[in-house]
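Read from first to last, the chains carry the letters A, B, C and D; within each, the first residue is number 1.
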Amino acid sequence: MTDFEENSWKPHEECGVFGIYSKNAGEIPPAYACYNGLLALQHRGQESCGIAVNDKGVISYSKNMGLVSEVFSDSVLNRLQGHIALSHVRYSTSGDSVRENAQPLVMRYIKGTLAIAHNGNLTNAYELRKELEKNGCIFQTTIDSEVIAYMIARERIGAASIEEAVHRAMQKVEGSFSLLVMSPQKLIAVRDPNGFRPLCMGKIGEDIVFASESCALDAVGAEFVRDVEPGELVAAGPSGLKYLQSPAKAKRALCVFEYIYFARTDSKIDGLGVYETRKEAGRLLARQSPVEADVVIGVPESGIDAAIGYSEESGIPYQKGIVKNSYIGRTFIKPTQSERERSVRIKLNALESEVRGKRVVLLDDSIVRGTTSGRIVSMLKEAGAKEVHLRISSPPFLWPCYYGTDIPTKEELIACQHTTEEIAEMNFADSLAFLSLEHLPSMLKNRCTGYCDACFSGEYPTEIPDYMRDNKPNDYCTPIQRL
Amino acid sequence: MTDFEENSWKPHEECGVFGIYSKNAGEIPPAYACYNGLLALQHRGQESCGIAVNDKGVISYSKNMGLVSEVFSDSVLNRLQGHIALSHVRYSTSGDSVRENAQPLVMRYIKGTLAIAHNGNLTNAYELRKELEKNGCIFQTTIDSEVIAYMIARERIGAASIEEAVHRAMQKVEGSFSLLVMSPQKLIAVRDPNGFRPLCMGKIGEDIVFASESCALDAVGAEFVRDVEPGELVAAGPSGLKYLQSPAKAKRALCVFEYIYFARTDSKIDGLGVYETRKEAGRLLARQSPVEADVVIGVPESGIDAAIGYSEESGIPYQKGIVKNSYIGRTFIKPTQSERERSVRIKLNALESEVRGKRVVLLDDSIVRGTTSGRIVSMLKEAGAKEVHLRISSPPFLWPCYYGTDIPTKEELIACQHTTEEIAEMNFADSLAFLSLEHLPSMLKNRCTGYCDACFSGEYPTEIPDYMRDNKPNDYCTPIQRL
Amino acid sequence: MTDFEENSWKPHEECGVFGIYSKNAGEIPPAYACYNGLLALQHRGQESCGIAVNDKGVISYSKNMGLVSEVFSDSVLNRLQGHIALSHVRYSTSGDSVRENAQPLVMRYIKGTLAIAHNGNLTNAYELRKELEKNGCIFQTTIDSEVIAYMIARERIGAASIEEAVHRAMQKVEGSFSLLVMSPQKLIAVRDPNGFRPLCMGKIGEDIVFASESCALDAVGAEFVRDVEPGELVAAGPSGLKYLQSPAKAKRALCVFEYIYFARTDSKIDGLGVYETRKEAGRLLARQSPVEADVVIGVPESGIDAAIGYSEESGIPYQKGIVKNSYIGRTFIKPTQSERERSVRIKLNALESEVRGKRVVLLDDSIVRGTTSGRIVSMLKEAGAKEVHLRISSPPFLWPCYYGTDIPTKEELIACQHTTEEIAEMNFADSLAFLSLEHLPSMLKNRCTGYCDACFSGEYPTEIPDYMRDNKPNDYCTPIQRL
Amino acid sequence: MTDFEENSWKPHEECGVFGIYSKNAGEIPPAYACYNGLLALQHRGQESCGIAVNDKGVISYSKNMGLVSEVFSDSVLNRLQGHIALSHVRYSTSGDSVRENAQPLVMRYIKGTLAIAHNGNLTNAYELRKELEKNGCIFQTTIDSEVIAYMIARERIGAASIEEAVHRAMQKVEGSFSLLVMSPQKLIAVRDPNGFRPLCMGKIGEDIVFASESCALDAVGAEFVRDVEPGELVAAGPSGLKYLQSPAKAKRALCVFEYIYFARTDSKIDGLGVYETRKEAGRLLARQSPVEADVVIGVPESGIDAAIGYSEESGIPYQKGIVKNSYIGRTFIKPTQSERERSVRIKLNALESEVRGKRVVLLDDSIVRGTTSGRIVSMLKEAGAKEVHLRISSPPFLWPCYYGTDIPTKEELIACQHTTEEIAEMNFADSLAFLSLEHLPSMLKNRCTGYCDACFSGEYPTEIPDYMRDNKPNDYCTPIQRL
């Protein structure tokens, strides 16, 4: 099973971005750097991907539905010649109906060509679109990047430079954005004032690299420089680096679920290693909700880190108790309803020798709708587990996310509809515990001074427009379907 | 050989359009009508094609590089449900570097969704683009349809209806356009004031059909109603048909090369059958440039009609003397230079029994760069023809076209560089004659009251901006290449 | 419309073969020669195609379902390096269920590698298969080539050379075969003793070429040398050409339908030009079944040659009265039954100006099941034809073919079920005439001394086994379906 | 990274087989059972795969190059109707040049249709092929299954039943084979007398299932019944199960590398759980080659099990210290040599927080050519590891395998060319130890009474022909290349 399929019962990140500004020839051709960078960020989006390169203002690009390894061939990468490049992976929703929405968005405007790659979700996209349409603008996609493109194009008219235009435009958009913009001469990285989504900066020799996560820097052999700060704009150009800071003062609000699930376990975000926080969540759970047991097991892949932490803290031995099939692919075929119920069994299999006759602590990162955990618990019991104690390394989901994550509506969130006891029962677990909201600062080692836990707490760091609260964030766009 | 390959030595039309407004369920599902209509218009463009359907304002569409028979499958057509549809074929330039340029262009604007399909070439696209960019507009393609879309979107703000907005926009664009616009409720057809490109109207029961050529009406079983008049707008909507006429007075200027080569021989344009004019060109040539000969032969497919006319007028028997291979396909593979020189021989073969020892009159429709005719003449001589007299059913190309045809620069036009005698010699022909400019009215049976023959005469019916005269019509757009 | 689609209402040839033995480097790389040769033979089969090349005994090959232009790319041709090559086109039956059956058949046997390409149909394939199976042989396809391969492999054991083995094997198989065999060192061509299927020989410099039809020699620039004689084996090898003649005496029996429909009009078969015989058929029909009329029209493409002949003999002017769409493609989509009835109209369109108010003589080459002609006649009448007189340039089909043509069973043959008058009426024709059986010698200009007209006359030149007469020629093979 | 890529520096299994005999309708359609079974066996071969189903003697099948998830769609599976099915995954060698070699092999023979799927390697295939060729047999592939097919077809002549024919044929072939044979009415499973390759049997209700590994039984919800015994034939047919035992007495010789690396960790083979043996190897290494260290890490995926065992035995804590990228895909693109050297870094990344400043014990399953381990050690050291002690959970490879594994020649085997100390140094490891040959019985918990460790010990359980010892096992087949 690829994570893709596993993701079917998890919340999803919207995107990942990667860009490189290569002063001279560069250590590695920019398109290949993007390819490797996107492979490392693929967990952030498997629907579509794209790379745009810039050869002195002339942009070449390739984007399509599919995984990075499916969309790009050596021959295409070879033809993507240029000294600046920018790239994107996008989360998979449904079918290829959204082919137009693949990024980067490439276009011409008053100053030549422009390419944009965006991770996040604008909370005032609706108002901006309506305003633009009233002025005769047309929209060929439903992505926020097109709104951002217009904002930049309009600010560019009176601005002295592209970075000034981007800087001005960024003060008019609201919500979450980790953004890369490629002009004929520059590569610009911006992070929203709250810093909802991660964005970091590295270098390979004299080349400057920006990426959603540090694991992508590692993948291209780049040295980590630092995170782009909330509200900061960094422009790499022929005359070096330039920094601008948003005048807006905003609460730091990195999405805490990046640590819990979204980010790759080997990334560091805002100074904190993801693996450490996951193991810490396991340790905290061991203290918060201890249980007598024989073995600690994690649901692969994401539950394993917390399981190791739980084991360390509790002294109960860690074992590989569930094996994942790496070959399921994106188009898993299920013939019948009974098959569908068994589909977890095709992706995951219990290691009977490790669970038979044993009391098992099972670690997972989250419960959303709540059916999948039950299937895994059943599988362990069928393999002979005497007891299964479910420990979830995050608090229960109770609130929607407006910042670029597809947490479902309250009606679908099991924790909104049921008590922890009921959920335990529905999942055939002998006991169930969620990491408490109060433990999040400890999980973050008290080092992450500001984070967003709105999906757990309901405390949104920014104002949310009413029409969004009414839960139809995309209804303002008449649907267009590309077959 | 498909005409596609034959086209490599011919000028090209830019596009063909087809649309249908189906009041009720309709006789034939609109997407299937478009499919059949596009098949009949495929000779007008083989690079890319697309169909958009409208189901009460919700647009579904499919477009891609390739022939109609390659791009559309039964399953896609089945999913293109809607009561209004609009479609497009586009001429093939190079590779798929212009994938973004496939039409119809589909977008959202202040009043919902809009789809546009355009045949022609705006002569003020550059000025309009620059003006729009100065106002903060962005462009994702290089096609005129995107400029037209902005013009309509802007006019829509103050207009009472979409047809009024289109009507106003049409008064601001210059050049050639046969245009279809699909709004949530209506299908609108417009033809430029000069009527450069054909556009006609038919009906199937209560359904209204618009098509570039009448052969597409035949293909869908539609009854021909009439041509859309130069400067006319016809809107089909829930309350029936509505007509608007452009206030601009302009010379009627249908492209005469539509009769000579572009249009399908079974089409009628502005009241005149194409086959009749082609046969008439052959008859006129027989009178204008008679020759003693044993047999009249046409270069397939387009030269055959004129050959039949020449035979009728001269009394010299018509024979099939050249056979065309229908299976060459679009990606004809030529390994070596010597192969390339022989490539005509793979597409065409002489019928030795009909030419050996004979004096041949060979009819073709045009000579552009001039190398291909020579290869055909050589082929006939190698097959034993005693003499080959080349008769061309159009005057020599001397001037570029700014209205949507890719006639090359003067440097490449053989008739700009050489006398008729020289061209005859270069083509190994025993004699050569072009239809004279003066015969064009006769060819059109004196029934076509206004036509454009600028590529032969240099008399352009509209003003041409200087930068276009300087022969770089598309340089204003920074190139973007989609791989 | 490609001929492919037209073929849906015509009998089909089974295959075409092309091979080249290049002594040295050769004028043209053998794989490219095959590619061009197959393009010229594509009308003989559009289901699948393949090329095998031989580089000193090492065979490389590529074969697949699809047209030549679809299956082969420049990169594949480039990799098909070798000095001997052999290739095949196969007729399309249904879907890709017969993928295994694509030719050439390539295999290893006692003496190394062997490749076989076969056009024809063995009448004792069943007995040979059974015999081989009794000896423990296994079959991976249902094509006769596999039977032939076994026969050669077995004869090779006691034979002094591959050509001797092929020669011996040929004396054990019965029916029709024009066969190419490629051994590590030689290219061998064989034609069955009756000479049912055409096979000719040409040269390019020192290179030897074999092809089903002479038009393929023209396509590769080869000089026609002569037809391979019935019963003859020609082997091209390092020590030059070698000829063997079958000891069996057999009646010459070239399939007369090759002249009437199968072969390309620019081919010469056994010394007689195909176009000439088709025109002659028209002339003969004009004398045999004259009619007062205003215009002669041919059903494209195959009816046009006879129409020209009819016009010449009758003095009634020939016109292009029907236009064919070249872009229909192989996968023509028909949504509804009513559409299906109209499908002829999408492929063919009447030229109203040439038929309105006129008495039309319409030439076609054959009537099989008989529904299509009626649709064409209707189309002409709807376009205003006053009368339509159908003239068929072959006698009525009354008997099945066992030599490699898919003429249907008597139950489906309209001429077995109805009188000519009834057929005329069913086809809405004002009169109908078939070329009489007695005129075939004249059509062949009394120069073709032996031909097979069994499908018209029922006189089969060889014995037909009873199980074949019982009309289930392939039932002996348990069906295997490759999806 | 999929295991596919990881495999590039590992030895490879040749194949996996899965079959199902469904008496009635069955719980699950046989083709879908195969699909799920093959997904679970995909680690045994990623080059090509195929499924054949049998509907009362009529076989339908689909096979192609690619992963199971790529080759099969829902629509193909739906069309694979039948009550018996058999399927195969094959190991990837190079390109699609071996397309013909995809299995199952499907053919017709004296008794109708037959399909064969084979895992293993015959050691007398050469002699059998030669013998068969001398009798006039032809070969269309290079796979042993074709030889086996001939053997069965020949034995079938005098045999009373298909199982008898298979039984007899099995006594003539030598080497390793776990074989499935599907006749019109039966599904037969056979395992060679030494039992080199695993093969087990399960049931779902009344349906009988055979699979290379028990994890495939789990994946289809089948209950494990027992292993097929070495030398045993099990036939499932309309009258139930039938068992035949090979008369040959042979040493039990299950490939020990199945436990070490080939099999999936959740499989049980011949009564012994794979995970248990891997963990035991880690424990044994901890006793055999202890080291003072701070953390134990496994190279994902296969090194992790041994790492957990090492940790348990040594008390040194286990950590996830290396993260694997699951999205690399099969066609990993590497632009330059320097890139190639860094390619391990794209697939694997060190978790700096877990290794910085630490003494690391690194567990891996084997060293073949020896370059990859060095790159992983370097990566850990660059991430700050103070020491890296490499522990390999198998003895050094010193001998080739003739039973279906691609262990390279002695020239390429690092352990044949260098001492353990040299290998440690070449891999930048502070110490290196291989599991000693003497520990294998303990690793197998003294429960596996007979196994083959020839690749480590050179003691082959069967005689190996000289020409095989000379290291060119496939040279007897003239190469044929399908492009």
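Basically, a contact is a pair of C-beta atoms (placed from the backbone, for glycine too) under 8 Å apart; a residue touches a chain by one contact, two chains touch by 3 or more.
This is a predicted model, so every value here is computed, not measured.
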Which chains does chain A share as contact partners with chain B? none
For copies chain B and chain C, work out whether under half or over half of the interface numbers are shared, and give different or same accordingly. same
Where the centre means the average of the CA atoms, what chain is farthest from chain B? D
Geometric centre distance via CA averages, chain D-chain B, whole Å: 60
Chain centre separation (chain B, chain C; CA means) in Å: 36
Once you find the CA centre of chain C and the CA centre of chain D, what distance in Å lies between them? 48
Edges wherever two chains touch, nodes for the chains themselves; is that graph a line, a ring, a star, complete, or other here? ring
Give every residue of chain C touching chain B within the complex, in rising order. 2-3, 28-29, 32, 35-36, 39-40, 42-43, 46, 67-70, 72-74, 77, 215, 218-219, 221, 264-266, 273, 275-276, 301, 304-305, 308, 312, 317-320, 323, 325-333, 335-336, 339, 342, 345-346, 349-354
Note which residues of chain B are touching chain A in the complex, please. 57-62, 76, 79-80, 105-110, 112-114, 133-134, 136-140, 146, 149-150, 153-154, 156-157, 184, 477-483
